[in-house]
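Common to both upcoming complexes is chain A, partnered first by chain B, then by chain C.
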Partner chain A sequence: MSRPQTYRLVWTVAVAALILIYPFLVAEIKVHLAVEVLVYVLFAISFNLLFGYSGILPFGHAALFGIGAYGTALILNHFPKIPLPLTLLLAISFSFIAAALIGFFCVRLKGAYSALLSLAFQMFIYAVALKWRSMTGGDDGIGVTLPDLHLPVLGIVSMKNIYNLYYLTLIIVAIGILACYVFLKTPLGNSVICIREKDMRAAFLGYDVFLTRLAVFSVSGLLAGLAGALFVLFQKFVATSCVGLDMSLTVALMTVIGGSGNFFGPVLGATFYVVFQSWVSSLTKHWWIFMGMLFIVIVLYLEGGLISLFKSEKIRLWVSRLGK
Partner chain B sequence: MSFPIEIYVTQAMHGLVYGMLLFLIASGLTLVLGMMGVLNLAHTSFYMLGAYFAYSITIYLGSFWLSLLISPLIVGTLSLLIERFLLRKTYKGGHTAQLLLTFGLLFIFGEFARIIWGTAPLTISAPQVLAGNIPFMGRTYPVYRLFILGFSSLVLLGMALMLARTRLGIIIRASVADAEMVEVLGNNVPRVFLLVFGGGGALAALAGVIAAPFLSVYLNMGIDALLDCFVVIVVGGFGSLFGALIASLMIGQLQSFGVMWIPQLALIFQFLFMAVVLIIRPTGFFGEKE
Partner chain C sequence: MSILRVDNVFKDFSGIEVLSGITMEIFEGERHAIIGPNGAGKTTLFNIVTGLYKPSRGKIYFLDKDITGRSVHKIARLGLSRSFQIINVFPKMTVYENVRNAIVSKFHHRFNWITLLNQDKEIERESNRVINVFAMEDVRDALAFELSYGRQRHLELALAIARDPLLIMLDEPTAGLNSEETRDAVQLIKEVTGGKTLFMVEHDMDVVFNLADRITVLKDGMILAIGTPNEIRENEEVRKAYLGRR
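Now for the complex of A and B:
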């Protein structure tokens, strides 16, 4: 193996090991934070699949997150007999279907029009969640009791235990990220990038632009729904904030803060966002000002997002000097 | 459901008033979007700040009329500074950078207002002349709403004349069509854009001032208006002022009659409307094809 490859392997193993033993290193409250980070990481990854890789800005991505979340909560409450994995599977198939429907209209339009149409759909679903009180509880939301997970070897695993929940979330999020990564390596994933670069040229080369973009929209919706489902397991609660404008904007900000040009940018962005927000909001109740300033600083001085810090030559040089 | 005819007329008038108010806010937004492709999320913060400044000016200087003059001036200057020192740096960075920047400003202004004016909604009373009601089709109608209608029509007229009859207006309209070409022809487009941005901010603040006695002043007024503005600029077509006028008036009516007939769906009428328009005619009523 060449030296950079070795370095990369060592880093990957170190980070993976850290993530695995993380719950035992910190206080329980930090484990809660970590679960939240994981959920948002998956959501941001799904957002970036559209934003970074397909050139579609889904301004109302919370719609799909919310459908996954409400789907999970409703199944848990109305059909408590259904085992948890099947519940999750059902919930993400709802969001997949919804994404296919919304995408059917959104992917035909360009730029800001597409973004705002997706926002319109999100507001529609928001209004349904707010007004259909008998089903969704309106403003009050729906609380859920978490079922136990029946596993072949481990027996009954309670989801009320945050450590168990951490590992469940970790596994599912890892599968989601891996699926996304593999998807981008397939010929379909490559044609998505090709269409982003120049859709007319791709069409001339024989790619079905509409169908390809619809496919990626649906896959992204599925992942967003999965994040939503995990969010319900974590919060034990779902409310209209899950389908609100704030949620849509939050995921967009996470992605851009981390850097949308890189696969792991959203991971970094979501982690940073959640941790930074929790830190600043513990210091001051006017934390929105600091969040606002953060966005402005990143726009003006860090164009490629936080991930570009790792890529910049200056920093790399500085790190290598430290190593000597 | 059937209502007496006076109710229909009153509702139509309400819708017209709200539509004109919306147009005052959205006009700046659509021009900025049309000229430089900047979707300014902080635009309705100018509207909110305008209303809050109007509150303070009315309290301390004791005159609503004075606030009608000073508040747009303050906010206009603020928006000039923002364009010149922040937004201008992001043009090379593309739309994402602008979205993020203006979103950051939205937070900062919102929090700023929360710190200074608190979270409770504030009310301004309309000047004595405009208070009260006048008889109208056997019922009464508040004078202040008629004032909003008249005042915003005047502003609209002034804006239309400016855009149609002055050299600056011609440059602005040409820049909406093709900013690069206008610049090549020897016009200072960045400076014109600075003016449009400042003017748009001042207009939004003006709308905030006249809305204040009517809708009261509260923290979320910016966000509420922002969503309606999105619908207006999409339905009207990016950069089209006439489209924005038509769309604003339609949304006004839609809101007003929607609340009357199907109150459960009042939240989403405009979004359903936007979705339908986008699906049928993706560039809005008067938007140019890309």
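Now for the complex of A and C:
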């Protein structure tokens, strides 16, 4: 193994180990924060699949997050007999179908038009969530009771226990991220990137620009819906904030802060955002001001986002300095 | 057998007629060039044949199939490929990745989401073969935009030919090259398109007379003459309209 590969392996193992034993190292309140981080990490990854890899700016991505969230909450309340894995599966199929429908219109357009159309769809779903009180509870939202998870070896696992929820979320988010990572390495993933680079050139090579974009939009919607579903398990509650403009903006900010050009940029961005927000909002009510200033600084002076601070050359430089 | 048939095609852009009644045929195995002054409608004809524009009137047949108004990728998949007058490669991808994009399409793996791309030995082998044919091994891992202009031209050509199409359409393949590079490019085009059907737009007369079996002269959106290089050279009208001006 070459040296960079060894570094990489050591890093990966260290980070994975830390994530696995994390709940035992910190206070319970921090475990709650970690679950929130995990949910947003998955959401940001799904956002970046479109923004970074497909060149589509989905300005209303919360629509799909919200459909996953409301789907989960409604199934949990109306059909409590359905086992939890099936509930999640149903919820993400809703968001997948919704993404295919929304994408059908959005991926035909380019740039700002596509972004604004996806925003329009999000506002439409927001309006439905707000006005259809009998179904969605309007701005009161819906509270849910989490069912227990029946596992073959472990038996009954209660989701009310935050430690169990942490590991469940961790496993699902890890699978989601891995799936997304592998997806980008397949020929279809390559088609997506090739179309982002030059859609017309790709079309002249035989690539179906519309269908490829629609496929990636739907996959991204599925992942966003999964994040939404996990969000409900975590909050035990769903409200219009899940499909609101704030949610769409938040995920866009996380992705840009972390760095959209790198696969793990959104992971870092979401982690940083949630932790920073939690820290600053404990000091002042006006945490938005600081987040906004930070965003401006990053956009202006740190092209490539926070992840670019961890470029391998830089790390190697630091390591070599430490060695001296 | 005719590979491409253009049947009485008209095209106007908001009232300005760019093509008026073009009828022509490209036969299997021939090397056909279109020449004509700037604004004659050469590239427009290319764009109509490849599906980028729809003709205002008239039909396009590819292998006797009516392809008028079909979308670009569907026409491309039938076995028609083109290069561009202005370099049109994937600038931020390496030469290898550029060629691979064409090969993935050739093997119909565009929608494959089951296997990993870099595990596919067949695609890898074929991409490397194409890179060898175009003598680009030394820049295999360089990003396309980092290449010299001349080599970007080669890559442009490679993208058009990599899929092994039935009809290769080259839009001014020597645009912007100096005389030495042009000679190399002509040699390369001869090598890589041997035995294939070639349809090209070209400004450089030496290139045209060197490469083409048949020439169509276009002027003001109409066909002035179709013939062998010798016939075209001798044609009075063509001389007056085009060659004489040089």
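Following the convention adopted for this analysis, the second predicted complex is superposed on the first by the 315 of 324 C-alpha atoms of A that agree within 3 Å, B and C clash if a C-alpha of one lies under 4 Å from a C-alpha of the other, contacts with A are read in each partner's own complex, and residues count from 1 in each chain.
Criterion: a contact is a pair of C-beta atoms (placed from the backbone, for glycine too) under 8 Å apart; a residue touches a chain by one contact, two chains touch by 3 or more.
In this text the structure is predicted, and so the values were computed from the model without any measurement.
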{"item": "Chain B versus chain C as contact partner of A:L33, first or second or both or neither", "value": "neither"}
{"item": "Partner chain in contact with A:L116 - chain B first, chain C second, else both or neither", "value": "first"}
{"item": "Touched partner set for A:C194, first chain B, second chain C, both or neither", "value": "second"}
{"item": "Touched partner set for A:F183, first chain B, second chain C, both or neither", "value": "second"}
{"item": "Superposed model, chain A: greater residue contact from chain B or chain C", "value": "B"}
{"item": "Contacts of A:D208 with chain B and chain C, given as first, second, both or neither", "value": "second"}
{"item": "Footprint overlap on chain A, comparing chain B with chain C", "value": "none"}
{"item": "Touching residues on chain A, where the partner in the complex is chain C", "value": "182-183, 185-191, 194, 197-198, 200-209, 211-212, 215"}
{"item": "Partner chain B, residues of chain A touching it in the complex", "value": "57, 105, 108-113, 116-117, 119-121, 123-124, 126-127, 130-131, 245, 249, 252-253, 256, 260, 286, 288-289, 291-296, 298-300, 303"}
{"item": "Interface residues, chain B side, partner chain A - complex", "value": "33, 39, 86, 89-90, 93, 95-101, 103-108, 110-112, 114-115, 223, 227, 230-231, 234, 238, 264-265, 267-268, 271-272, 274-275, 278-279, 282-283, 290"}
{"item": "Residue ranges of chain C touching chain A (in the complex, touch as defined)", "value": "50, 52, 71-73, 76-77, 81-82, 88-93, 100-102, 104-105, 109-118, 120, 123, 159, 163"}
